[in-house]
Every structure is written in structure tokens, then in C-alpha cells.
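Presented sequentially are two complexes of chain A, the first with chain B as partner and the second with chain C.
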Partner chain A sequence: MQVISRYFSRRALLSAVVLAVPLLVLAAATGGAAPATKLVFMNFCFYLIAVLGLNAYSGNTGILSFGHVGFVALAAQISATLTMPPALKASSLPLLPEFLHNSQMGLFGASAVTLVCIALIAAVVAIPICRLNGATATIATLGFLIVVNSVIIGAQGITRGSQAMFGIPALVTVPIAAGFVVVALVLCRLHKDSIPGLFARCGRENEAAAFACGIDVRIARYWAFVFSAIVCGAAGIVLAHSVTVFSARSLFLEMMFAQIVMLVVGGIGSVTGALVGTATITLLTEILRRLENGFHVFGLAVPQIFGLTTIGLSLAILVVLYWRREGLAGTREIEDFLGRISGRKAPAAPMRTPSPTEAVAVPVRRATGALTLVDVSKAYGGLLAVDKVSLTVNPGEVLGLIGPNGSGKTTLLGCIAGTHPVSSGTIRLGGETISGLPAFAVARHGIARTFQTIRLFSRLTVLQNVKAAMAQHRRSAGQRELDGASMDLLREMGIETLAGRAAGTLAYGQQRRLEVARALASEPTFLLLDEPAAGMNEAETADLLATLRRLVTERGIGLIIVDHDMHLIVNLCERIAVLNKGELLKVGKPLDVTRDAAVREAYLGRRSAANV
Partner chain B sequence: MRKYLLAAGFSAMLAVSAAHADTVKIGLLGGQTGGLASLDQPLLHGAELAVEEINAKGGVDGKQLELISRDTRSDTGETAVMANEMVGLQVNFLVTPCDGDTTIAAGQAGQAAGIVTISGCASPPILAGNVGDYLFLNATPDNIQATALAEFAEKQGYKTALTLISPDSPYTDKLPQYFATVFEKDGGKVVSTVTYKMGQQDFSVEVSKIRDISPKPDVIVTSAFEPDFPAFIKQLRAAGVDIPVLGADAIDTATTFALGAAAEGVVFATHGFPENGNRLEQFDKRYQAKFGSAPESIFAALGYDLIEIIAATVKGAGGSLDGTALQASLNNIENLEITTGSITYKGMNRVPNRQVALVRVVDGKPQHVEDIIPDASKIPAP
Partner chain C sequence: MEFFLQQFINAMALGGTYALIAIGLAMIFSVMNLINFAHGELMTIGGYVLFFLLVMGMPFGAALLLSLVAAALAAVAMELVAFRPFRNADIVTMLLTSFAVSSILHVLFQNFIGVRPKAIAVPPAISGALTFGTFNVGVVPLISILASVVSVVALVLFLRTTHVGVAMRAAAQDFRTTQLMGINANAVILAAFAISGLLAGVAGALWIFQRGAVDPVMGVMPLLKAFIAVVVGGLGSLPGAAVGGLLLGTLEVFLRAYLPEGLLPFRDAISLSLVIGIFTFYPHGLFGDADAVR
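And now, the complex of A and B:
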């Protein structure tokens, strides 16, 4: 039950239902209409499913995909082959294997087989693609689309090659198309709010921060890709069995552009946006294509002007994107808009803590013990940024890491956190060697961190920031439990009233607090803080100091703090380690270190140090 | 009374017909924008000119022609929607865009409603069989063009041929294969088939394959077109290969004549040749007068042909606009004189036999070689 709840949330379901209602009303109204109107509706359904599919990948991962039309084409091809009458297959697809020649399946059987095939293909294609990000991933998806197109054209005999695939039975009716849309809508909305969907969105917002939370972004992208491919496959099935003819040419670049335009106009990061974008473009097309055949206005006859539809659509897209850079809905969903209209704040997370009787998921057990660095070095070409540093930090201990600019403090933190692979030496946590592990694996061993420049999941809410890190740590916790525990943590950090706000809209000090809260969500044994007080005023610094002290005493967390604020360091730390030019200059009690001549020299230069 | 406005732009506004019971409604779907525009746009202009001229002369047996044109934006789904709308408007004839899948999508709607449906200029002969007994072709089908080329090749005394094909489109794939069927049936031999990818710039591999064939074939046959054909012929001649080349109607463009020495001597099949005041030349002049520029391509004349065929069909049906009567009348057309030459539907299973013009490139100018109406018994099955 708990596990299912990681994929299901009532709020997401309600949101999808609110979106589905107008679609169903429209479908009912289309029921008695002329064949042309029915086709318009079914075309709309096809595009909406395809756009929802693209949204499930591009919206959640932030990686634009050119390749999803490839899955539409493959699914159209496979499903049509399964449902075509054997007599026609004999003449138009002569090279099909025997068992396919003689069989003819119904729509649902064919759909099931098709979607399984698509899932398997996507599962293979996703392996290289999920390792890439940004433009590289986008180009890889384009490569996939071109391969699919070439294969369909080249496999003439099994496919129709470059000729039209025709004679497909018209098995998709208005109710069936509407059914496909509603299922796609609900699944896509649930996926967005599911834990895997949340992980993918964390990767979209900030990949480094997601890794630091222990989230393996590649896995999240992988599942988003496979899921989205299946949804696009459903679109292909609807297309093949409503228009009943297609060719490799008609499912290629132009359709890819149409699909992307609809998503971009609606808002890439939003399921509501996918619907709004597709509906807007379809509606505009329907209006413009009637206008372009000529009309009368104030007694003036406007003649037929071909191209008006295309030009009008292009202008509309420009206007929308000028007015709203992130598309009509941005990353928001229907409930965010409804909340605003009714004057209430969008329902934030449930403000409750699980009662003691409720099953509380047991977090991953970790080896505890000291964090030990042995001769750790990090070289960039000939430059030794960290030079044979050996150091031990115990759980519950607070270590300050200081040194002049460029002395290697942040690099050393990066080495511990796994973002900077060490050049030599080892880092151990308890009995386990963690040097050589990727950042997310180090995080899973219980080493959390904050960054020198704040890295939050800006467009996610404050609650989601914390929840994501917590969900990664508590593998069997359901959504409600995660929400409750996240709220508790926010309360502990004094930012619970901001839970529903987008993290990027917080004040600086609040963002720092949230970053610490997110780091704590994975219940780390060690916390690495890179200049936590930078940019803070005195009151904020004092506040932070108090919070950090409390963490150490209540949770027994070991802290490694890099900061230039000597007041903070001296007040908080039991020991101070001084780095200079990558070497460990001195480790000791605060007073001993600040009095040390070599340390003063490193900071202030030889002559000044002598005079102080 | 409802005025229907027809225009090629703001400049060419013209009230064409008055709708009443005795109006022949022609629903014309074309990709006026998008990938098919280069074919469907001139086709529509030619059809507009024909409708205007026929109506000015009193129509067909007193019936005015009403042309209802729509831009499908070259999209298959959109074409299906608009075809159904045309059925809703109760058109007497439905004209579909110039390629395979849009023609099938629209043809299915026409077939189901029993409306005579004609593809504006799609040329794969297989289309008629794909849809059913209400779908007819207008343009010279690929197999008939190929038969004319084969007859020409035989007359030249060519015994061996090489075909250059691309599987990327039915036209580039099938036309040379139809040629091969006729040529081999008549005792010729296709010694080799070389394939290329549409849009490839470099033909060095294909050219060296052709150069290395021994003994060298008498003729090369291809339906490659821009940008492939210019690239191929230049690289072929640059490699010193002087084998004669036969092409098809898609290279009937200004580009071919601008290729200089490389294209010299190339012979291609096309739909007609304007000369000596023939109908095609007269058409070109009237077209220039109406639209202010010469026809962009031969597809404008095919649009005029289309309306002439429809007019003849209406005449042959003896006043009935019933779908079955029109279908029977169209199937009965034999040696009808049209703008590009002559056309026969009788006995052809809705894939018309047409007069094919052969043109040779001489000094960068088109020179009419001859007109061929292929022997119907030689035409290969689609």
C-alpha cells in the first residue's frame, strides 16, 4: 500500500479528472455530429496523447525530445500490421512472416501487443539517451527518429516502404479515442507527481543538487523515457485506426514540429499545459482554416487566402511566447489556477505528522563510523588543488575547514562528496571506501552537502525540495508519510509556512535554510556545508549558528564547514583544519589554530603576520 | 443568390458562378501550403482558369461549374477531415492532392459516399486499386511513362540498360522498375540496378559502380529529380561516362536546362510539349494573361486537363449528376483531346492511358523528340 502510494496521489488524480471532464463532454457532444467533426475530434485526441507523451519526458526531465514521433510511427506501423485483414496483407506486405500474415487482431489485443513492443524498444533506446543531458540528449533523440524513419522506408515488404500504409480498419471511434486520451491524461498526471516523476523533475531543476541528494537522475530519466514512449505509442494506435492511412513521410519532421509547438505553447512542464496547448492550436486551426476560405466583414468581401492558417498559427505562437515565455500554463497545473480564482492558496501539503500507530518506513541502514581521508590528492593537469590531505572527522564532531581563497577547500569537499573524483588516496566512511563512488552513491552512504552557490530545485515547492531528498532515503515510505515528515523537518527549520511556495521565490536566508533542510532530509551522518553564512546578515548568521548547534546535539551529525566568517567558525567548531595551496597546514583546537604563526602567515603574508 | 469568391490572391478576384440546382460542384483538396505546394498550387491555378473559361462559354450543357477549393496544408489527417466536409457539401466530384497517402485518405471518403474522386496529379498507378472503383488518376501514371520510355529505348536500338532507383519514394523506386518490366519483355536486358538515397550529395560510389560495369550498358534509366538528378548527372559526366540517360517528368524544370554540358542529350518523358500553336502553347499564353506569369510547371496544364475531363464526364452522363452515372461516363472516355494531348479511361481500370511527350536537352533548350501513346497491351500491371 505504501509502495503504491509512491506512484499515486489523490491530488494528481483529481487534477486529471478536472481536465478530463471537458474532454468527455466534448466527446459526448461530438457523438451525433458529422463524420468530419468526428475526425477533427479524433485528430485532436491523437495530438493530445502524443503531446502528453512528449510532456511526460521533456516536461519532467527538461530535455527536449525530437524522437518521440518515432514511437508514434512505430506504434502506428505495428498496430496497423496486426489489425489489417489478411487478404490485404498478402498483397501489400508480402514479406511479413507467416504468423502475422494469417492473423488479424482486434483493437485492444493489437494495442496491448504494440505497447509491449514499444516499451521494449524504448527500454533499449533509453539506455544511451538517459546518460545524456541538454542538447546532446536532444540530438540523440533526433538520431533515433531518423533511424526509425529509415527503417520503416527500408523494410519495404514488411512495411509499405515509402508508400502509404492503407486499408487499416477504422476501429477507433470517438468514445474509444476519448478513452485513450483520459487514460493517458490520468497516467501522465500521476507520473508527474509520483516519486520517480519528482526525481526526474529534480534532475531538470538542478542535476548536481539531485545527485547530492542521492537521486540517480539517469534512472529517473530512464523510466520517464520508457513511460513517455508508451504514451506516444498509444497516439500512434489512435492515428492509424482513425485516419486509417499514413506514410513514413507523414510521421516525420513536420509532425515532430507540430507536437513540439503544441507542448511549448501550452507549457513544457505541465500536463495542463499539454492540454491547453493542443486545444489552443486545434481551435485556432479550425477557426483560421474557415476564415482563409473567404468571409464577409462590414459588407466587405475578403477573398480566399491560402496560407492564412499557417501564418496565423505562427503569429499566435510568437504572441503566446512573447507574452508567456514558459507557455500558457508554465509549470503550473489546473489546481494552481483554480486555487487562485477561488481566492484560496493552492492546497499545500497535509499539515500532519504520522501517528505513532501508523507504520513508519524504516530508513536505509548505514554503516556509522568516522570519516577518514588518507593522502587524498586532486590534480588538474599539473596543478595540485588538493595535496595529500589526511584527516579524520568523527560523528557528532564539528570541523571547520578554512584557508585563503584558492587553497582547495571546495575541491576537498567535492572529493568527499564524490563530485570530484580523487586523483590518489582514499576516503573511508566507517569501514567502507567511498572514494571512487559517484556523487549520488556517496550521498546514499550518508554524506549530505550544501553548495557554495545555492542549488535548489527552484521551480519545485519548498516541500517538494525536501520530500525528494527524503523519498530517496526512505525507499518504502508512501507519499503521505513523506509529506508529513517533510513538514516536520520544515517546521524544525522554521520555514514550514513557506511549504507551498516555489523554492526560487524565497529570500536568500530562507533559501539557505531550505538547502540545509533538504540536506538533512536524507538523515545524513555527515553534513558538508560550503560557506553556509555567505551573503547572510548578522541576525541570519546567528540564527543559522543556533540551528547548526542544535543539529549536532540532537541528531549527532558530524559537520564539516567551509566558511570565511571566522566568528562563526570559532564559535561552532571543535577543531579547525587549515588548508593552504592544497596542503593541510594545521589541524587543532580553534585557539591553537588562530594563534599559529604559519596559519597567520598563510592568511596575511609573512610581514603582516609578524606584526600582528 | 450566393456569390462564391475565388482568388489566387487579392489581385485576382472573380465571381465565378451562381449556385442553383444545375451546378456541378467540384471539391478540390490541395496542399496549397506545405510539402505538396509545388504540385498542388499550379494545379489549382490551371483548374481555376478552366472553370472560368468553360463557365464563360455557358458551362457544360447549361450547367455551371462551381470550384470549391481547400488548403489541406499537405497533412494527411487534415485531408481526411476536409474530404468528409466535401462529402457533407454534396460535391459531384472530389479532387485529391498530389501524393499517395492524402489521396487514399480523401479517396476513402469519396468511395464511401459514391462520389467520383480524381487525384489531381498523383502518379502511382497502384492508388486506384488501393481505394476502390470511384478513384481515378489524372496525371500520366508511372507505368505508362515508363512504357513510353521503353518504347523509345527500343526504337533507339538499345539492348541493355542500367536503372538507378531510390526506395525512398514510390516514384523514384517504381518507375525504373516498370521500365525494366517492359524492356525485358521486349527482349532487352537490365544489366544492373544501382540504388541511391534521396538527398545525398555525393554520387561518387554510384558513378564508379556504373563506370566499372563491363560491357557498358546502352542506356541509364532513372526517375531521380532535384537535387539528386543534377548532382548525379554532373558527377557521371565528370567521370567520363558518356552512356545516354533517360529521365522522367520530374526533371521537366528550368534547373535541368541550366545544367549546361552535363545535361546535354538527356531525354525525358513529360506530359506535353508546347509548340507550333498547339493547345498547350495556347494554354500557356492564356495562363500568362490571367495570372501575369507563365505556368510554374506542367502541373498547371494538368489542372486544366482535369476540368476538361470533368466537363466531358458530365456531358457523357447525359444530364445526370448521379455518382454511378458519372462513374460510368468517366470510365467510357476514349481519346479525349485535352490540353496536354489526349487521354483514355476506357478499358484502363481508372488509370488513364495518356499521350507522353519525349523531350531532349539540346544546347540547354528543350527539343521535342516525339509524342508516344503507349500500346495498352504493353503497359505493366501496377
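And now, the complex of A and C:
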């Protein structure tokens, strides 16, 4: 039950249902209309499913995919092959294997087989794709689309090659198309709010921060890719069995462009936006298509224009990109808009903690022990940023890490956190070696961190920021329990009233607090803080000091703090380690360190140090 | 052996053409993070200018030279009209902008010039073949290799010795700092577009020598291939783009030469799949770097 709740939330279901209602009304209205109108509606359904599918990947991961039309094409091809009558197959697809020749399946059997095939193909394609970032991933998906297209054209005999596939039975009717759309709508909306969907969105907002929370962004992208491919596959099935004719050429770059325009116009990252964008662009293309063969305006005859729809789509996307870059809906959903209209804020989060009787999932147990650095070095080319640093930090201890600018403090934190692979030396936590592990694996061992420049999941809510880190740590906790525990943590940090706000809209001090809260959500044994007081005023620093003290005493967390605020460091830390030019200059009690001649010299230069 | 040598020359010729397109793309990407989908249309524009100048009776050499200039000017015009309003936008926004520009140009070519290919009479000196004993080799592949090498050498010299070239290299490393050093951003970007347009013009001419015609969507396929070449080399890296282009061209030619008959229709699929598979091991491309995290 708990596990299911990681994939299901009532709010998401309601949101999808609200969106489905106008679609069903439209479907009912189309029921008695002319065949041409029905075809327009089914074409709209096809595009909507395809755009929902694309959004499930691109919207959640932030990586634009050019390749999803490839899945549409594959699914159309496979499903049509399965449902075509044997007599027609014998003449138009002569090279098909025997068992496919003599069989004919119904829509649902064929759909099931097709979607399994698509899932398997996507599972292979996603292996390289999920490792890539940004534009590289986008172009790689484009490569996939070209591969699919040339395979379908090349496999003439098994396919129709570059000619049209025809004679597909018209098994998809208006109600069936509407049914496909509603299922896709519900699944995509649930996926967005599910824990895997949340992880993917964390990767979209800030990859490094997601890794630091222990989230393996690549895995999140992988599943988003496979899921979205299946949805696009469903679109292909609808297309093949409603239009009943298609060619490989028609399922290539032009369709890809139309699909992306719909996504971008609606707003990448919003299921509501997918609906709005698809509806807007379908309407626009229907109008333009009618004008394409020439028309009269104010008595002036405009001749036939090739590609008027293409121009229309291009201009639509340029207009949207220029004036409203995030699209019509942005990343918001229907409930956010409805909430605004009715004058109250969108429901922030359930304000409840799990009752004691409720089963609370037990977090992963970790080996506890000292954090030990042995001869850790980090070289950038010829420059040794960290030079043979050996250091031990005990659980529950507070260690200050200071040094002049460029002395290697942040690099050393990066080495511990796994963002900077060490050049030599080892880092151990208890008995386990953690150097050499990727950042997310280090985080899962119980080492959390904050960043010198704040890295939040800006467009996610404050609650979601904490919830994501917590969901990664408590593998069997359901959404309700995670919401409750996240609220508790926000309350502890004094930012619970901000739970429903987007993290990027918070004031600087609040953002710092949220970053600490998110780091705590994974219940770390060690917390690395990189200049937590930078840019804060005195009152905020004092506040932070009190919070950090409380953390250490209540939770027994070991802290490593990098900061230039000597007041904060001396007051908080039991020991101070001084770095200079990458080397560990001195480790000791605060007073011993601040009085040390070598330390003063490192900071102030030899002559000034002598005069202090 | 002779067959292999012939194929090797073909591979270098095709790879060199891809490399020229890829270098142009990488150049624009490195200074302004734009993946220019409309780059292929620069090839087409060059091709059409060549066609119309030849129809007007201009000698082939002069027409060719002017077509290169036209491609460079078209690139500059593209930047001024379409891309400047989106300066500093995110990668996806600019990529979609360029895609829209490319689509609009396709439609314009189709409506104002025509859907059908326009034949270009390539002089027999270019379209012929040279014979060394028993060894036959086409002139076009040799010209392609020569043009690619000359273009790359000229580009390297330009980037290393001229003021604008050094500014462009600096801008590729860190655009904002370069601007703070008093370098005129617009000048650098315009120069980058002009050069990338010139390279596209050269690549377009080589492409036309092979096919003997120019049509509205001529630039699409080579451009798509060059995209793959660029990302495999590592986005933004010029040597990476060149290597990626050569790699893809070589794969394609040798697959065409050595694949069994039944698999020949799938040569593009196979070569692209192999190249995309490289990402499994080099997620940042062959010459790309991971971003630093602070």
C-alpha cells in the first residue's frame, strides 16, 4: 500500500479528471458528426497522446527529445502489421515471417504486443540517452529518429518501405480514441507527481543538487524515457487505426516539429499545457490547412501557398518563444489556475504528521563511524588544489575548515562528496571506502552537503525540495508519510509557512535554510556546509549558529563547515583545520589555531602577521 | 587493396564535407550556445545562388566564389534577423528558433524557387575521373579532400593569428569574461556566423558537385549527420567536430562498401547506432568536458 502510494496521489488524479471532462464532452459532441469531423477529433487525440508522452520525458527531465516520433512510427508500423488482414499482408508485405502472415489480431491484443515491443526498444535506446545532458541528449534522440526512419524505409518487404502503408482496419473510433487519451492523461499526470517523476524533475532543476541528495538522475531519466516511449507508442496505435494510411515519410521531421511546437506552446513540464498547446495548434493548423489552397480576403484572391501550415507552426513557436518563453501554462497545472481564480492559494501541502499508530517506514541503516581522509590529493593538470590531506572527523564532531581564498577548501569538500574524483589517496566512512564513488552513492552513505552557490530545485515547491531528498532515503515510505515528515522538518527549520512556495522565490536566508533542511532530510551522519553564512547579516548568522548547534546536539550529526566568518567558526567548532595552498597547515582547538603563527602568516602575510 | 584505397579516398571526402559542416556548427555553438538547425539552408542558399549566376551566364569560377560569399552573408543576416533577439536564451529556445527559421526557409524555397531540383552543370574538369595506371579516382572526392584541408588550415591560421580569431577563441572559452575584456560581442558573433556560413557554402558546393543539382531540402540530411558528428566530438569543440565528421563519413563509406547486399539499406541506421553507442562510454563526447560543480 505504501509502495503504491509512491506512484499515486489523489490530487494528481483529480487534476487529470478535471482535464478529461472537456475532452469527453467534445468526444460526445463528435459522436454524431460527419466522418471528416470525427477524423479531426481523432487526429487531435493522436497528437495529444504523443505530446503527453513527449512531455512525460522532456517536461520532467528538462531534456528536449526529437526522437519520440520514432516511437510513434515504430508503434504505428508494428500494430498495423498485427491487425492487417492476411490477404492484404501477402501482397503488400511479402517478406513478413510466416507466423505474422497468417495471423490477424484485434486492437487490444495488437496494442499489448506493440507496447511491449516499444518498451523493450526504449529500454535499450535509453541506455546511452539517459547518460547525456542538454543539447547532446537532444541531438542523440534526433539520431534515434533518423535510425528508425531509415530502418522502416530500408526494410521494404517487411514494411512498405518509403511507400504508404494502407488497408489498416479502422479499429479506433471516437470513443476508443477518447479512452486512449484519458488513460494517457491520467497516467502522465500521476507520473509527474509520483516519486520517480519527482526525482526526474529534481534532475531537471539542478542536476548536481539532485546527485547530492542521493538521487541517481540517470535512473530517473531512464524510467521517464521508457514510460514516455510507451505513451508515444499508444499514440502510434491510435494514428494507424484511425487514419488507416500512413507512410514513413509522414512520421518524420515534420511531425516531430508539430509535436514539439504543441509542447512548447503549451508549456514544457505541464500536463495541462500539453492539452492547451495541442488544442491551440490543432485549431491553428485546421484553419491554415483550409486556407492553403488559396482564399479571398477583402475581395483579394490569395493564391495557393505550399506549406502555409508549416509557416504557421514556425511563427507560432517564434511568437511564444519571444513573448512567453515558458509557454502558455509554464510548469503549472490546472489546479494552480483554478486556485487562483477562486481567490485562495493552491493547497500547499497536507498539514499532518503521521499518527503514532501508522506504520513508519524504517530508513536505511548505515554503518556509522569516523570520516577518515588519508593522503587525499586533487590535481588539475599541474596544479595541486589539494595536496596529501589526512584528517579524521568523528560522528557528532564539528570541524571548521578555513584557509585563504583558493586554498582548496571547496575542492576538498567536493572530494569528500564525490563531485570531484580524488587524484590519489582514500576517503573512508567507518569501514567503507567512499572515494571513487559517484556523488549520489556518497550521499546514500550518509554524507549530505550544501553548496557555495545555492543549488535548490527552484521551480519545485519548498516541500517538494525536502520531500525528494527524503523519498530517496526512505525507500518504502508512501507520499503521505513523506509529506508529513517533510513538514516536520520544515517546521524544525522554521520555514513551514513557505511549504507551498516555489523554492526559487524565497529570500536568500530562507533559501539557505531550505538547503540545510533538504540536506537533513536524508538523515545524514555527516553534513558538509560550504560557506553557509556567506551573504548573511549578523542576525541571520546568529540564527543559523543556533540552528546548527541544535542539530549537532539533537541529531548527533558530524559537521564540516567551510566559512570565512571566524566568529561563527570559533563559536561553533570543536576543532579547526587550516588549509593553505592545498596543504593541511594545522588542525587543533580554535584558540590554538587562531594563535598559531603559521596560520596568521598564511592569512596575513609574514610582515603583517608579525605585527598582530 | 585498390578497392580499399578508393574507398578510403571516398571516406575522407565525405568525412571532410561532414567535418566542414560540423566545424561551422561547433563554432556557432561555442560562442553563443546555439545549435543552428538552419545551417543546412546556408548550403542550399549557396547552391541556389550558384544556379542563378550560372543561368545568367557567369563563368563557373566566379559564380562559385560569389555563392560562397552569399552563404556567408546569409549566415550574417540570419543572426541579425532571427537569433539576436534570443541572445543568451537557453539552449532549447535557440534550437527551436533555428528550427523554425529552417522550416520557414524550406517553405520559401518551395514557393518562390520550386519544389523540383535545379540541375547545375558542373564543368567536366570537376565531374570527371583521373586514371593512374589501373587506378581510377574521381576528381570530386579529391577536390573535397583538398577543399576540406585548405578550409581547416585557413581556419586554424585565422583563429591563431588574427585579432578577431583570438577573440573568438577566448569567447568560446568564456564569453562573459571576453566581453569584460572589452571585446565587442556582436563583432565576434557576426564573424563566427560569417565563417560558419562560408564553411557551409564550401560544403554545399562539394555536395552539389556530387549530386549535380540543388533542391529546397538539400541541406537537411547532411546537416542531421553533422549534428551527430558535433555531439560525438563533444559539443563546442572544433577538433571534436572535425574528428566526429571524419568518423561518421568513414563509417558510412566503409559500411556501404563492405556490408552484405541484404544489409545495405540499413547502412545509415547502423552507422548512426554505432556512433550513438559511443555515448554509453563518453557521455560528454570524445573531446567534451564535464561541467565543474561548485
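Just so it is clear, the second predicted complex is superposed on the first by the 574 of 612 C-alpha atoms of A that agree within 3 Å, B and C clash if a C-alpha of one lies under 4 Å from a C-alpha of the other, contacts with A are read in each partner's own complex, and residues count from 1 in each chain.
In this section, contacts are C-beta pairs under 8 Å (C-beta built on N, C-alpha and C of every residue); 3 or more make two chains touch, one makes a residue touch a chain.
Because the structure is a prediction, the values reported are computed rather than measured.
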item: Touching partner for A:A301 - first (chain B), second (chain C), both, neither; value: first
item: First, second, both or neither for A:Q163, with chain B first and chain C second; value: first
item: Contacts of A:F451 with chain B and chain C, given as first, second, both or neither; value: second
item: Touching partner for A:F246 - first (chain B), second (chain C), both, neither; value: first
item: Partner chain(s) touched by A:T497 [first = chain B, second = chain C, both, neither]; value: neither
item: First, second, both or neither for A:G154, with chain B first and chain C second; value: both
item: Partner chain(s) touched by A:L321 [first = chain B, second = chain C, both, neither]; value: second
item: Touching partner for A:S424 - first (chain B), second (chain C), both, neither; value: neither
item: Partner, of chain C and chain B, that touches more residues belonging to chain A; value: C
item: Touched partner set for A:F144, first chain B, second chain C, both or neither; value: second
item: Footprint overlap on chain A, comparing chain B with chain C; value: 153-154, 156, 305-307, 310
item: For the chain A and chain C complex, residues of the former touching the latter; value: 64, 127-129, 131-136, 138-140, 142-144, 146-147, 150-151, 153-156, 208, 253, 257, 260, 264, 268, 305-308, 310-311, 313-315, 317-318, 321-322, 325, 410, 414, 419-420, 451-453
item: Residue ranges of chain A in contact with chain B within the complex; value: 34-36, 39-40, 43, 46, 153-154, 156, 161-167, 239, 243-247, 249-250, 254, 289, 292-294, 301, 303-307, 309-310
item: Complex contact set, residues of chain B against chain A; value: 3, 5-7, 9-10, 13, 32-35, 69-71, 73-78, 80-82, 84-85, 87-88, 100-101, 104-105, 108-109, 124, 126, 130-131, 167-170, 173
item: Touching residues on chain C, where the partner in the complex is chain A; value: 29, 35, 85-86, 89, 91-93, 95-97, 99-101, 103-104, 106-107, 110-111, 115, 220, 224, 227-228, 230-231, 235, 265-266, 268-269, 272-273, 275-280, 283-285, 288, 293-294
